């Protein structure tokens, strides 16, 4: 009877207990507002660093709000998460904002800047080709171009740059999706002919040689508002007070990130979050080589509107919006006033 | 339910009445095959009847119908005066391929039917022990069927069926897979058991000598579709014993039935070849 | 087989209702689901972005079909699936049989298979991409690699469970090693091998779709990826429906093939599932 | 002697590691795509101090829960489908549509109904593991020798008793091999489920390491989960052998 005994006395109760565990739902929210923020890649997104910040920076953390970083790849799931009320803020691009408003018919508001590309004096995503075979842009005719995601800012930059030569995607060149970390090997093994190399991959590539710098995001699109925190207008309105507290703390956090005195601690925190050695970041992260992060997390409305117009002109976006209707700077402004007073 | 304490006398269960039974197999594709054609058969209470016939004549089908495993398509079957509606422990069956539960030990196999009778635990244990002893499997109680020889498995199957003390015993070539020696021992054993507590037995076989040896009457069936060709009385004066089995009348009876079966086997063979 | 246990007597009052249920039952569940879907979005129980109305999705599918985009995507996805499946089947069955017949091969593959089976093989996609490019070849090889483990295990288990007597009897009839393989081992192992293949085929389809979703390059997965990227939720849900339909057809086809190959097996009398 | 035997058994894995190391060191493939095995070992020892086990435990919890539910529901569903035709008629079309669906394609639906927490990942693992169990339980229950069922019934077993005392044990060998497939799938699914949405777990770790270009770390994660899967599989096979002791 061993088998029967095993089934009835051990296996079934064990499984039943496990099954019961699934049904136990997450406990209801506590007093402070829980702000669930979506992110995808660190340190472009600084969201996962928030919960690792030293004590004293997020002063109101646990009092009026708590933050839960949620990692979701891609703006599609992020928008779904926002629509379903499963996340509160998405770290998303302008394209995602426009599509979220126009296609998903969500009432969205941008409340803070996360990262801007191609800003004067700061770093910008760079595109590389294999050295020797391709010397100028025209050599890329009929070639394969790698982007991180179709419809992304990188994709838009490629379309903008080749658009100047009168080229069309599909007809004059092909675009394929390759994840950022695989860009360099894909380029080296001749699987693609042009690829964007984010820091630190561009630094590695320069050191090893074999690749040739072609252009950067700034050449293609000028300065762009690359990532911002976007949430549902009603949710933002309802939790405005908590958000102001959070933003005030977050502005302090940004100062800490860029403060030379806390450099070691910042690198250690980043290393802990990304599980990568700090030396990988030391030379560039949160410096002028890196993308630009507005100290007060304020969005540049004019720059964003120009981005949208450019993307519509390029055909990357089908619809346009007047971005000022979808931006709420008051939270960041109020927070900045409180911190800087 | 009657008492299950062996070896108790079984009260009369009444005989079996098979009236105009037809049975057709309907495969998913292809033409339906008539297996049994208008079978009429009366079997008396505590009578031992053997059914003989060429392979494919529907002997097993008839037995399965008696067991209530397959729905009756046409005609009627009653056991002890009641129409059968499905399988039940009043009719014990021994299958050709033993049908032991391979995941149960010898003891557990025999116990299973007794558990289904909702007997008290100590009675179940006692009965099981008794039947294990009876079929000479003492020492193999905790073996799994896969560890037993064909003859041993067959004995377990018989013990399992006898243990639930059915009013009627249905046996589908139960000794078919045994070697001659074991077979002859089992035949003797079965006769002994039956003599001690006679029950109605329907015994399907293709061994003429076995049929004549064991049965009160032998039913010879035709080749497909199966009909009753002839019913032959095979009772001998003074009951069956080793002496009679060597006697002239016995051998003549066997020869007589052999001729009947052979005729049908030839029909079946030519139909098969055609 | 279990059905025979029910009172499946033809001609009774419940019979026609049963027939109707047999015919229309399979569509009942799906239809109810689809109606619930349409209602949920029409009654705005969920916002259209999260669940666009079924009718919108159907219109979308029809448009894609008319434009030739959908047939093209299906053809590409199926082409990759079937080529990869054929590759996995050939490699998997061969290795599975070699393992069961040769101790050295078994020694070599046993731990590799054990560790490869639960490995998240999709993590190796970058390696496949760099070795075999971004297009069909890398996808097909990735898929074949992912699916072959299941087939090896199924084949190995199948050949192991063949009764020795079957092989011995073929040997005694003078069959050569190769003949035994082709005429005894393969047919006897076929039901279980086919079960392995039945499991592997949907895995192939799934992995094809996943590689398309990750690497793009046309096909149903790629079109779902594009829809997701451009926040086109009718497109995403059209993709889910299309995959469901294509998958259903692929599985059905596999069942038909299974039945054709296993006409001799008892299970062919019954319908198979998934 | 036993040790030698075990070592000999695992020698092919050692060979694999050597080939891996060689392929990478000789530059047959970019070290980004396939870092040398020795680097992976180094990365493993580093990650072991940096929360590898916490992430793994989190994933295993999800995997185990989803898998356990799949086994219970799958065996039940498969056997009932084989036994009661209406169940088969109603459930089968659903399974046929779900089976070949990449479970990640269902994420838009799970976000809506189940949210983003552990339960969404458990659900995807559950669905993914469910189908092989159902398939094997169904096929096995259907293939149970009719004579066994008859003999139980002739001994007075009721329909439900026949189901649990005859059909299920008789189908057990095939059901157990279906469960083995699901066990392996659970390890694959717990990783792939976490690649898209997760805050922790081995799949999350593999993904952020890969995204950061730490391929050695990523492979360390893959090797870790594969190794755990390997031992789970070996353990399962040993357990199966015990449960099916009656076969030999």
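The first chain written gets the first letter, and so on, giving A, B, C and D; residue counts start at 1 in each chain.
Heads up, the rule we're going with is that a contact is a pair of C-beta atoms (placed from the backbone, for glycine too) under 8 Å apart; a residue touches a chain by one contact, two chains touch by 3 or more.
The structure presented is a predicted model; accordingly, all values stated were derived computationally and were not measured.
Across all inter-chain contacts, the pair with the most C-beta pairs is C-D. Ranked by separation of Cα centres from chain B, the top chain is A.
Centre-to-centre separation of chain C and chain D, using mean CA positions: 17 Å. Between chain A and chain C the centroid-to-centroid distance comes to 37 Å (mean Cα coordinates, whole Å). We define each chain's centre as the mean of its Cα atoms; on that basis chain B and chain C are separated by 46 Å. With touch defined as above, residues shared between interfaces to two or more other chains in chain A number as follows: 3, 74, 77, 80, 84, 179, 182, 185, 189. Across the assembly, chain B contributes 69, 103 as residues in contact with two or more other chains. The set of chain C residues touching two or more other chains comprises 4, 50, 126, 129-131, 233, 236.
Put simply, chain A touches chain C in their complex at residues 74-77, 79-80, 83-84, 96, 99-100, 103-106, 144, 149-152, 176-179, 182, 185-186, 189, 191-192.
Against chain A, the residues of chain C that register as touching in their complex are 47-50, 126, 129-131, 133-134, 214-217, 225-226, 228-233, 236. On chain A, the positions that touch chain D within their shared complex are 2-4, 6, 12, 14-16, 18-19, 21-22, 25-26, 41-42, 68-74, 77, 80-81, 84, 86-87, 179-182, 184-185, 188-189, 200-201, 204, 272, 274-276, 280. For chain D in complex with chain B, the touching residues are 145-148, 150-157, 161, 165-166, 169-170, 172, 244-248.
Across the complex, chain D is touched by residues 1-6, 21-22, 25-30, 33, 46, 50-51, 107-112, 114-124, 126-127, 129-131, 149-150, 153-154, 157, 195, 198-199, 201-202, 205-206, 209-210, 213, 221, 224, 233, 236-237, 239-240, 243-248, 250-252, 266-267, 270-274 of chain C.
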